[in-house]
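Alright, structures below, take your time with them.
Below are two complexes that have chain A in common, paired first with chain B and then with chain C.
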Partner chain A sequence: MPVRPLNVGVIVKLEPDFSEGNVSYNPDGTLNRAETKNILGPHSAAATLAAFYCKVKYAARVAIGTMGPPIANQALKQAQIISNADELHLYSDRIFAGADTLATAEVLRLGVSRMNNGLGADIVISGHRASDGETGQTGPQTAWKLGYPFIGNVIDFQIDPENRSIHAKRFISLYGFYDVIEEIQAPLPVFISADPSYKPSFDTVSERLSLARNLNEARSKAENFEKYLQVYNSEALGADPRFVGLPGSPTIVYKVEKIPKAKAKRRVEFIDGNDTAQLDMAAEKLLQLMTEAPIK
Partner chain B sequence: MEKYDVAVVGGGTSGLTALRQLANLGKQAILLEAGSTTGTKNVSGGILYSKKPKNGRVYNIEDVFGREFIDEAPFERAITQYILHATSKDKLYSIDLTPVHEYQINYAYSVLLSKLVPWLAKEASDMSEKMGGGIISGVHVRSIRWETGSNDTVIETDELEPFRVRAVIAADGTNSELADVTQSRNKFSSEQLYQGVKVVIKLPETILEDRFSITSEEGAAHLFAGDVTMNHIGGGFLYTNRDTISLGAVYHMDSMMENPVEPSRLIDALIRNQFVAEFIKDRVPTRKANQALISKDEEIRQHFMAVKLLKTWNNLRSDYYSRDGIKRLIESGKYKTREEIESRINNLEKELVEKYNCEFGDNYVELEYSARLIPDGKRCRMKTPYYKNVLFVGDAAGRGVFIGPRIEGLNVGIDDAVRAANAVARSLDRNNFDEQYLGSFYTKSVEESPYTRDMKEIDKEYLKIFLDCSKHIPKDIVGSRYGMIFKLMSSSTLRGIAVGFANMLGFDRLLPLVESVDTYVNVPVEIAERLGRHVDSNYIPNTPSLQERIAKLDYDDDSVPHIQVTKPRSEFMQKMVSLCPTRCYSSENGDVILQHEGCIECGTCAYDTLWRHPRGVKGVSYKYG
Partner chain C sequence: MSESTPNLESNYNNLAGIEPYQHLYVVIEHEEGIPVPVSLEMLGEARRLMDDFNAKYSSNEKVVAVVLGDNVRNLCEDLIKSGADAVVYANSPSLRYYTNLLYTKIICQIAEDKNVARSISPLSSENFKKPRYMFFSADNTGRHLSSTVMAQLESGLASDINKLVISDLEIRHEHKTKGQLTKYEKTLEMYRPDFSGFLWTTILCLDNRNPSIAREYHPQSCSIIPGVFEPIAKEDERTGTIIEFEPQISDEDLRVKVLSRNIIKSTIDFESCKIIVSYGRGIRDSPEENFKLIEQFAKSLNAEIGISLPISKRPYQTKDQRLLSYMIPERVIGTSGRKVSPVVYIAIGISGAVQHIAGMKESGFVVVINPDTDAAFRDECDLFIKGRMEQVLPVLTELIKKRMLTIEKRA
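Coming up: the complex of A and B.
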């Protein structure tokens, strides 16, 4: 019996580009979302890479979904370049606005079930957390809603398509000490979140050939990414208005406070590279600092 | 273990030709390239020839890549002038060798391999993918082995799991590691090698064409012998590219060992020749330090503004002096006329001079410094270029045509690669990889190549054309020793007899006479002194230091060195302190020590060290090549 092809779903988030010079603020100090450039979040990119790994190694079918306003399709294009995705889903509706993680998870649950021509996904991958939300709840909550086992902080994984199981390594950091790598085996379907340090490796000739092929394909697909884009509103997803958007959100943000700017402790001092006396002074200072510094 | 039909090791022009030819024949092959992408590790002089010998046939690049090569490939210029200059200080005597250059050619293009090779790679991999093969870059082949009881070869790399193949084409260059691990030939020694050093110099397109009196369809090559060689056997070359110049020096390693001079200084000697200096001259801005008392902040602000303006000036000027560039500027609607662009450039210059302490003057702009070893085919070609089911091609097999001013390597490698691919395809069809069936067949094919004949024999006709070109030189000038040979060679009957005799004797025996300091230095110096015209340049080029040259190169340094010094006190290693083109060696208490950061992997030191290429992706990446 031929092995059933692997279906992969990825949930990603469009995030403000926090790199220098790209963030703009409103006069009251809150983030100006309209002006700030948006990109595929770095954690979402790690999840997308994990999907690409499945694509290259297991010839998986990949669908990528995100909930957000129509401009979020740029994130989907970026994700397609990374992963050579076959389907791009945008879950967009005014009534989704104001959703917290649980309400978002509800939309994503419905989205995942429509992925890969309605077959859903054997593996759903999310990022570790979003860089503008920081809660890290959307992934696990979506897993819970889907009823899939959840494996977090995955740094490496292998799929056994025949026995329909996953063998994953997860990285657990306990307060910065005692870092542990845990190996887990689980049956499919499964939900995993990619650790920020996740990086796929391709170690055989066939994988490298497939890698080159997929990279080429991804580039040409992303040029016409609209062709792969499917937009779902609340109705198309069959969402129950009680569980999505503001009504579906048990948490409320009641106030956003500006974080006071910390005073810089560093001091810049220019020294003249041609002046030996100044160089000596700098060297002495460095030596002093290094002697004082505790060895960690 | 995965299994494939053929592995091609090395993604230069030969390797890619082999891959494409195999694909043309419907065969599956995997090409492994150590550089991060194909083309980043390749350096050539570089002229790529397409030839049509009278006897026998050679395979040219268009035979493999099709007409598309001529129509689409990013080569630089068709070389239509070929001039040799004898130099002595400010004297110069020129001999037009264009007929020599055009001998039996279809065309000759100047090329920059970092541009050309990626094109070849795309063409080759597109075709190869259809056969289940392709190119894998960033992978360094460490070793190959044969398992007992199997004809298959196991390829071991630093990056991938080992895999099996039925045949291997080794296109891994002059410093072939496959030749080393299979011990199918000795490492090339200094009497078999030339060292080439090159700089790529920027010169806007139409300025270049005016300077060399060429059209957009033409290109020029200039060769230099005489005092610019600093008493070494070899000479300098200058090839025009589209909007750059390749300027290089190629010297026999033996004479470099005898008289060690830092390679970068040899390039400098060439650049400072007044004739060359005038060729490469361009308008170059320099910025003086601001003497006025201004704050650090203001100084930094001014610096950034100046850099920004200089960038705009530079880009606009490059476009202004380029056919496509000026068209693009006017079509974009940004400017209406040429004059408008010109006045914008002038205004930028004025602003830079008045506000930002800039000065515009004559100098030249160096883009990239590179070096490589070139095998002299007549001294080091592998007589049986194979080991078991591994076929060596091009530089890896020590095959290059090196006769006086004629240096051909790329086309020889391409011809070998086609022959190797054809031999392998034949073996795949018959499932027979025995040495007699594969190796011997390939050897025979290579022996039949007109290029091999050029490595073994003097070509009478070629010699005649060469002598005709230089017939205006008085015979007494070249000394009694050469005078006699010259006289002998001017008569066609005597020439026929002499060449026949020399070829019978084995012309390698004549080499010490022909390839000597006399031929490359003393005779040209005398010619220049007695017959030369005075040349003058109104500026002295400001050559960058070696540190500046290295700083411009891109590196991904490995934490572990790819070279191990085994004999730190040997005479050879002591000489490497001067001869390493990037000064990676230094001497400490009599021991030569290596600092591998900065290595450009030329292999100059390979003979007496444990020398490997860096691991995949690591090491230098050339932008021009």
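Coming up: the complex of A and C.
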């Protein structure tokens, strides 16, 4: 019996481009959204790369979905270039606007179930979190609503297509404690989030040939990315208006304010960096602190 | 009477035992029975909030620590000394290591259990449905766990919080209150610094009181940034209730298996070095040249090199492998990275966002090198060297080397 093909779904997000030269900050240090370009977020790109790995290694079918305004299709186009995706989904409706993570996850749950010609996905992949104030909650909440186990911060994984299972390594940082690398095994379907450090490797000759072929295909597909684009509004997804957008959001933003400056705990002394004599006093102070401090 | 009627909750006020949402549950993380620091920090903040709550509203509501694991009974007294009124623990070999699926299920079982609520406080309601508030840590485990627990409990969650207030608020909202001014009592205001570190967003989790979309959203919950709240000083005489919970575990819940778990110690040693030199986006005018200056400066002081979060995202095009090896997440100082406390911390070209400050504020002596004397860091340092790094670093490095030579000669 032939092995059932692997269906992959990816959830991505269009985000401000934080790279130097593209990002613009207001004088008060906040992001100037009007002047900052939008791109496929770097964590979304890591998720997309993980899908590409499935495409190259397991000849998977890949569908990529995003919730957002029509301009978010730019994220889908960029993701197609990375992953040679077969389907691009834009979940777009006025009533989705203002959704918090729970209401967003509701839309994405419905979207994933329509991926890959309605077969859904054996593996859904999201980024670790978005860079622009997103919370890292959307992925796990979508997973839970789909009934898929969630495996976070995946740095490496293999699929066993015959036994329909995943073997994954994940990275856990316990701030102020230590870091852990964990090996996980689970049957499909699963939902994974790609760690920001995720990088696929293609080792065998046949993988490299498949890699080259897929990269070529991806380029030509993305030139006509609209051909692969499916736009779903609330009705097409079969969404219940009570569970999406603002009505479906438990949380609201109550207020936004500048963070007041903390009460200064230290008494700062200013010196002029162009004055060598002052700098020499600073050097003396540093060396004094260094030599007087006990060895830790 | 529908529970969505505006102001209904105010009718509850003097009727202890009727409120369906009670207590503040804190989900504890531990490594082989030792609580990770953020767990005690969360308990500390929970204690402070609940002391006020008890004085202002009702003394029936408690701080409840929830802890899962293989052998966690010994942990419980410590959690009480650290601020909990009650500890609910679940022991099972299957719970030895965290898996999101199983932990989510068990935490939700505990959160919705009326008997647990009654053991926490005999005045707990027959109508108990869920906790009023719930705290998780904003680390790789708690961030995911909080999300899935709230997806199951169908309530709202704010992430990466660094300030919390409980108060009564008058809210007018298009959807939540259908535009009517409505009083929400005992509301948790959850303050979240944005990615830039300069804006604070207050998130509320509110029931829909609008009759056409009426829905209750409890617990009001959040994930808390490690390192921002103070634990309370442990009080040996504090007492509390310890409750064992029998988890219901099905085969389905065990389908995610942890095959191995390896602890990795970072090769970057921020703990034993006396001086840490960190740099940020200020290197942008000529990253490669500026990095060389920073590296030489750090070397002259025998210092380890740290970075601010934006640098770990590699915002510069460079082929300089040495520079690239210093633009990695393992070097980030701050809430998204390491917390450090060297004898001397030197910040070069870093503006001083709250997330960064949280990672270095325990340092002994703090030096900032920055041309902008209005940078937020000015309030968090002892010595502010006003100047561009291109000018300051070469001179300062030479001066240090010269003094070093003298010291060595004397020795």
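One rule holds in what follows: the second predicted complex is superposed on the first by the 237 of 296 C-alpha atoms of A that agree within 3 Å, B and C clash if a C-alpha of one lies under 4 Å from a C-alpha of the other, contacts with A are read in each partner's own complex, and residues count from 1 in each chain.
By our rule, contacts are C-beta pairs under 8 Å (C-beta built on N, C-alpha and C of every residue); 3 or more make two chains touch, one makes a residue touch a chain.
Keep in mind the model is a prediction, meaning the values are calculated, not measured.
Undergrad: Touch test for A:L279: chain B only (first), chain C only (second), both, or neither?
TA: second
Undergrad: Tell me which partner touches more residues of chain A in the superposed arrangement, chain B or chain C.
TA: C
Undergrad: I'd like to know which partner A:F270 touches here: chain B for first, chain C for second, both or neither.
TA: A:F270 sits against chain B and chain C alike.
Undergrad: Looking at A:L209, would you say it contacts chain B, chain C, both, or neither? Reply first, second, both or neither.
TA: first
Undergrad: Kindly list the residues of chain A that each of chain B and chain C touches, one partner per complex.
TA: 270
Undergrad: Under the stated contact criterion, what part of chain B meets chain A in this complex?
TA: Touching chain A: residues 2, 4, 30, 125, 129, 133-136, 139, 159-161, 163, 296 of chain B.
Undergrad: Along chain C, where are the residues that touch chain A in the complex?
TA: 29, 31, 36-38, 97, 99-101, 104, 139-141, 143-144, 146-148, 150-152, 154-160, 169, 171, 173-176, 189, 193-206, 208, 213, 215, 217, 226-227, 255-266, 271-275, 281, 284, 301-302, 310, 313, 315-316, 329, 335, 337-339, 343-344, 351, 353-354, 357, 361, 364-367, 369, 371, 373, 376, 378-388, 391-392, 395-396, 399-400, 403-404, 407
Undergrad: Show which residues of chain A lie in contact with chain C when the two form their complex.
TA: 18-20, 23, 25, 28-31, 42, 100-102, 105, 131-133, 135-141, 143-145, 149-153, 167, 171-187, 190, 193, 196-197, 242, 246-247, 249-259, 261-274, 276, 279-280, 282-287, 289-291, 293, 295-296
Undergrad: Can you list the residues on chain A that touch chain B in the complex?
TA: Residue positions touching the partner: 203-206, 208-209, 212-213, 270.
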